[in-house]
Amino acid sequence: MQLSTRNQLAGTVAEVVHGTVMTKVKVTLAGGETITAAITREAAEELDLVPGSAVTALVKATEVMLAVD
Amino acid sequence: MQLSTRNQLAGTVAEVVHGTVMTKVKVTLAGGETITAAITREAAEELDLVPGSAVTALVKATEVMLAVD
Amino acid sequence: MQLSTRNQLAGTVAEVVHGTVMTKVKVTLAGGETITAAITREAAEELDLVPGSAVTALVKATEVMLAVD
Amino acid sequence: MQLSTRNQLAGTVAEVVHGTVMTKVKVTLAGGETITAAITREAAEELDLVPGSAVTALVKATEVMLAVD
Amino acid sequence: MQLSTRNQLAGTVAEVVHGTVMTKVKVTLAGGETITAAITREAAEELDLVPGSAVTALVKATEVMLAVD
Amino acid sequence: MQLSTRNQLAGTVAEVVHGTVMTKVKVTLAGGETITAAITREAAEELDLVPGSAVTALVKATEVMLAVD
């Protein structure tokens, strides 16, 4: 499957916190940065996300903002 | 200024393509990955984004999806 | 590849309109509805989207709103 | 009221799961597909969403991604 | 029609800039602030948006970030 | 720090409701309107958001929809 989604960053799940509806997942990227995702709990369970899982973080280009100092 | 936005990735602008309303900006992260942002042309001009500009890419946690193989 | 993205709707590309940065793609779903996507032109070209292409429209659950009459 | 929102899909609420802040709503479309929405609990209660409610799922075009096999 | 969308701000269109795919619309709110929307040109034309049009700006709660000094 | 984010509305926190993963924050704008944000609990705690906090609500232009009567 090939996605239109421009941003695809490989990493490893570092932390999973489940709420009733939403789940927070922290992912450590290969480059060392941490990415935080808030996805549905349903999705987190279906993908069986636990610390150590290999994942790719996906972000649509229209969702990225930029800041300068 | 401190932001609620969880994902803040430092990088350098590699490419800027202006349309009439939107601008595509490619950012090379410190870790080597490339991030693509689609922002308004107005914002790109106001921030004076050109190749070589130091920027931070910002993404709200609710905008991050995850994929597993 | 398995995605956290909850909404995955199969369809066929009906129309593609390219701007400089963004591309509008209209997709006819199996159920007959039409979905409109605004993606980067770069993505539309990379996926070689033309009328008749089989595609899946993806939408994160946090991006869906609901209305009642 | 007429909306700029391009994607408006009619359906029926199939399931409602309330968290403290967010609520997951599953909607069965006329075409048979299921749409999952993550909205605030406040909104779900204000719209009085329960299984069987007639709803329209709304998605902005800039939030739709596309995938090809 | 009643929307789950939490943020509904009444205003008047101040400026419309059309690109091929996207249109930028600036809206002056009753409180005096300016809101900028990037919507599809198709939507802007369908709603017949021109300077002086009375509009409501809509934003899903999950799209709002917060900053503190 | 200067942001590409077009919409920056100053206000005061009126209400904070914490879930396990997400937090709802209601902000009263200078102009009198109320803005509702759904952010991660982690962010709400890091920014120490409580009723009375001075905040700026941020919204990317691509996330704003428009409605006409």
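For clarity, chains are labelled A, B, C, D, E and F in written order, and residue numbers in each chain start from 1.
The rule is short, and it goes like this: a residue touches a chain if its C-beta (ideal position, glycine included) is under 8 Å from a C-beta of that chain, and two chains touch if they have at least 3 such contacts.
Not measured: the values here are computed from a predicted model.
Contacts with subunit B and subunit F are shared by A, E. The chains in contact with subunit B as well as with subunit C are A, E. Set against the C-alpha centre of subunit A, every other chain centre is closer than that of E.
Rotation angle, subunit A onto subunit E, C-alpha superposition: 180 degrees, expressed as a multiple of 5.
Note: centroid distance subunit A to subunit F, computed from Cα atoms, is 22 Å. Inter-chain centre distance (subunit C to subunit D, centres taken as mean C-alpha positions): 17 Å. Computed centre separation for the pair subunit D/subunit E is 21 angstrom, with centres defined by C-alpha atoms. The set of subunit F residues that touch two or more partner chains comprises 1-6, 19-22, 24, 36-40, 42-43, 47, 56, 58, 60-63, 65-69.
Which chains touch which is summed up as A-B, A-C, A-D, A-F, B-C, B-E, B-F, C-D, C-E, D-E, D-F, E-F. Residues of subunit C that touch subunit A in their complex: 1-6, 37-40, 42-44, 46-47, 56, 58, 60-62.
Looking at the complex, you find that subunit E touches subunit C at residues 1-5, 19-22, 40, 42, 60, 62.
Of all residues in subunit C, those touching subunit E in their complex are 17-24, 36, 38, 62-63, 65-69. Across the complex, subunit F is touched by residues 5-9, 24-25, 27, 29-33, 35-39, 43, 47-49, 53-69 of subunit E.
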